[in-house]
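Here's a structure for you.
Read from first to last, the chains carry the letters A, B and C; within each, the first residue is number 1.
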Amino acid sequence: MSRAIAILFQTLLAAGLAPLVGGFIRWVKARLNGRRGAPPWQPYYEIQKLLGKEAVVSRTASWIFRATPFVVFSTSLVVASFVPLVAAPAGRFIAGDLFAAVYLLLLGTFFLALAGLDTGSPFGGMGASREMTVVALTEPTVALSIVALALNAGSTSFSQIVSRTLAEPAAALGPGHLLAFAALFIVTLAETGRLPVDNPATHLELTMIHEAMVLEYSGPYLALVEWGASLKLFVFLALAVNLFMPWGIAVSLAPIPLAIGLVTFVVKIGVLATAIAVLETRVAKLRLFRVPELLSASFVLALLAVLSTFLTR
Amino acid sequence: MPSLALLLVPPLVAAALAIVVKPYRRFVGWAGVVLASLSAAASGTLAIQVVRDGPVFGGVGDIWRVDALSAMLALCIAFVALLASMLGPGLADERDGDPAQTRRFRIFMNAFAFTMLAAVTTGNVALMWVAVEATTIMSAIVIPLDRTKASVEASWKYILICSVGIALAFTGTVLAYFDFVSTAGEVPGSLNWDVLRDAAPSLHPELLQLAFAFILIGYGTKAGLAPMHTWLPDAHSEAPPAISAMMSGVLLAVAMYAIARWKVVVDGAVDRRFTTTLLIAFGLASVALGAFSLVIQRHYKRMLAYSSIEHMGLVAVALALGPLGMFAAWLHVANHAIAKSASFLLAGRVLRRYGTTEIDDVTGLLRAMPWTGTLLAAGILALVGLPPFGLFVSEFLLVRAAVETRHLAVVGMVLLLMAVAFVSLLGHLNRMLYGDPPPAVATGERRSWPLFALAVPIALLIVLGVALPAPVDALIRQCVASLAP
Amino acid sequence: MFSQLVMLGSSGMLLTALIVLWRKHVPAYISAYRLQVWLLAGVTATVGYFTSDWRLFAVAFVLVVLKAIAIPALLRTMLRRFGAQPEVRPYVNTETSLLVAGLLVLFAYVLARPWMAVTDLPTRDALPIAMGLLFVSLFVIVSRRKAITQVIGFLMLENAIALLAAVGTYGVPLLVELGVFLDALMGFLVMQIFVYQIHETFDTIDVEQLTRLRH
């Protein structure tokens, strides 16, 4: 199968699967709480419903407000098209590596914060400032985790990292690897607005961060923003799973490895999503001034990961 | 061998006796004194034996190794322990204190003496470490003899800071052991000092440098070298006078002994200038800190404590100045042990009479307590380095050693700082000695045996200062020789 | 495999020390310390197994009995006496503490370079981690206000040195090990006595109140 078709297929897969991941987490949490919960594919209905509704836009909003949903959705989709999901064939799959992925996602977040400010509503501004605090603290951690992985593999390109880990399974048990995974996991929770950093199901002024920024969105805009957010979660989970535990991933574009890759990918994402759901059930949301403590801890974990990888080579 | 047993066992017996006899009775105190004199006599004979025949070994696997340096320090320790035993609570008090406190004092003072003796007579550097850590624990228990806020605070700081320091010293020990094992393999007796010293040339210099840094900081904390000295003024001033005497007089010297032993090992592998620079740096810092802190002192016990910091700094500097400096260092250690312990014990007598530790509140000492005042004056004059006392000789030799090894900047600084200390101490002493005693304080002093006991160290200082007796000279020369690589 | 296991155990010990810097409540510190001792015992036993030195198993056993069972029990009794007062305002706040800890580990790596260059023991990768743990424990002692946290910091310092000895020299001679244990136990008991005394005389174990002695 040619590369172009593979990329197209991967993009469609990501766009199609992402809302399911968010819905699945919600469903598992509901079940753990003893409720029946909405079915895991509820987000599809929500997107469909929102696409049919009218978008109400504040009079003071500028082009940024209208452009942001597209930016958020497209950056997440572009990133989803080149991170290793089902396949990580040798050689350059597409022009893009770990740095590109992270900073494209950051572009989306940046626009979202701007849009929050743009509406002129106090909630939007509050959400934007909180989000920027969190992001400012997670970026160094992300950079260090990338460095930790790249040092081991000798490059920041995904295929290199994946093939390096596949070639040396024992290194996956090493502290550098595990520490980087822990740091990246905490960063995932922070960047995608999950507990204990941010509650995705709240609309209380005291507790919302991401929800505050998108409070003013309605109709198709909201649909795109929500879809983009779920794509972002999907991408982060895929990175966590495939960079650190890549076994099962397809190394060539032949049908059978692809099928195996798809199945293992779905299984791994399912396991990680369940873990997140369990975690969210167990922990309470951190008070905002305690969030820097958590993020410093993840920074130190990433720093230790780099140290143990770099200085014991 | 028997003199070694007679040196180490009596303090243990005295401690055991104090544990067993509850509540405290005076005969326990007297028995302790007899045992301490036995120990002191044994240290004397051991010293003579070592000077004549060379190092004495003993124990399973030659755990005990007493060379001239060990013998000299054991002599100092036993002597000071004897003084503390005679003049501590329970025997020499004008009024009997709380028997529970006295019993605790007797137990832990003797245990403390034993651990110090063990530290200097063992040849295994790790066991030396164990003993030094034990000294911290034993002395810390007995500092808050009466549970005042100040003494509890002082002993907490003491045990925490010194335990941390000791832990660092152990890290250094492990590093050096590691180096030895990786070059020579696991040999039984690999932690013995003489084995390490002989193997030193084949060890890795960078590793030993790192180890020595840890050891200097670690044992330096115990020795009160600046900037790790912060526990010292508090601990030495809040402790009961007999314990202060032991701590200031000999415990600091034991820590310097540990540093000196390691210095010899490290010098075998690394360029001398490394240890010399470090020792001079820390030493001068301590002398400076001690001297300048003396200027603003308001409490006489803390004054004596800072003086100890200054003197230990001088010892550290002297250790770095070649063989003559080494001679000066060990002579200084011996002189300081005698002078400082006597001064603390005399200060204790002053405290009991006047009830205050502030210098401003102690006036007319010569009128209220003529004998104690005179002896205290002699002790402090000795500590500032005036002739005819022994410290003058050792400080003079230190300066001469510095000139001979061309450390002229060191000479300048040491002389300047000693002058600062001189002026401060004498100023404080003058204010305490002259004038009229406060009305609440009883005047006059009977001639009692503690005063005779305290006159002995002062007399010793004069003897050591006027004409260094030949046996002492031989002993200290042997100390220097035993430390030669 | 040997090197991997030792590395895992040592990193785990370092992470438990970070927990003391991160969390604010003393029971969390005691649990972290207990976990650290178990990891240390694991590392010691692993070293003993791979070097066929059965004395290290005895050492690991004594470690568990003494430091993983007895000492935490004593600490918990102390805690019950004083009530649960969280470490609310340490001298250095949490974020800065964690960053400083990271820097201290970096410093330890730099310091341990000559050491690692000299040896080719399979456990040598864990040496900088042990030194890092040493410095982080020192930092805990210096930056926390409650006496009981300082005691826990000191206990972790001893663990760090034991780890250093285990991975650097495969343990020290048994006699020394015994002496060190005795010292550690006595030191801890005495410190415990002192924390009680501090509490009795000062009615608090906040060492900031210990300021009666100045110049």
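Simple rule for what comes next: a contact is a pair of C-beta atoms (placed from the backbone, for glycine too) under 8 Å apart; a residue touches a chain by one contact, two chains touch by 3 or more.
Predicted, not measured: the structure shown is a model, and the values here were computed from it.
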Please work out which of A-C and B-C is bridged by more C-beta pairs in contact, and write that pair.
-> B-C
Taking every chain's C-alpha mean, which one sits closest to the mean of all protein C-alpha atoms?
-> C
Could you pull out the chain whose C-alpha mean position is farthest off from that of chain B?
-> A
State, to the nearest whole Å, the distance from the C-alpha centre of chain A to the C-alpha centre of chain B.
-> 65
What whole-Å value do you get for the distance between chain A and chain C if each is reduced to the mean of its CA atoms?
-> 37
Averaged-CA centre spacing for the pair chain C and chain B, given as whole angstrom = 31
Of all residues in chain C, those that touch chain A in their complex = 4, 7-8, 11, 14-15, 18, 22, 94-95, 98-99, 101-102, 105-106, 109, 113, 125, 128-129
Residues of chain A touching chain C in their complex?
-> 170, 173-175, 178-179, 292-293, 296-297, 299-301, 303-304, 307-308, 311-312
Spell out the residues on chain C that touch chain B in their complex, using ranges where they run on.
-> 111, 114-115, 118-119, 121, 134, 138, 141, 147, 150, 154, 157-158, 161, 164-165, 168-169, 172-173, 175-176, 179-180, 182-183, 186-187, 190-191, 193-194, 197-198, 200-202, 207, 210-213, 215
Chain B - residues contacting chain C, complex = 124, 126-127, 130, 133-134, 136-137, 140-141, 144, 147-150, 152-157, 159-160, 163-164, 167, 170-171, 174-175, 177-179, 181-182, 190-191, 204, 206-207, 210, 233-234, 237-238, 293, 296-298, 302
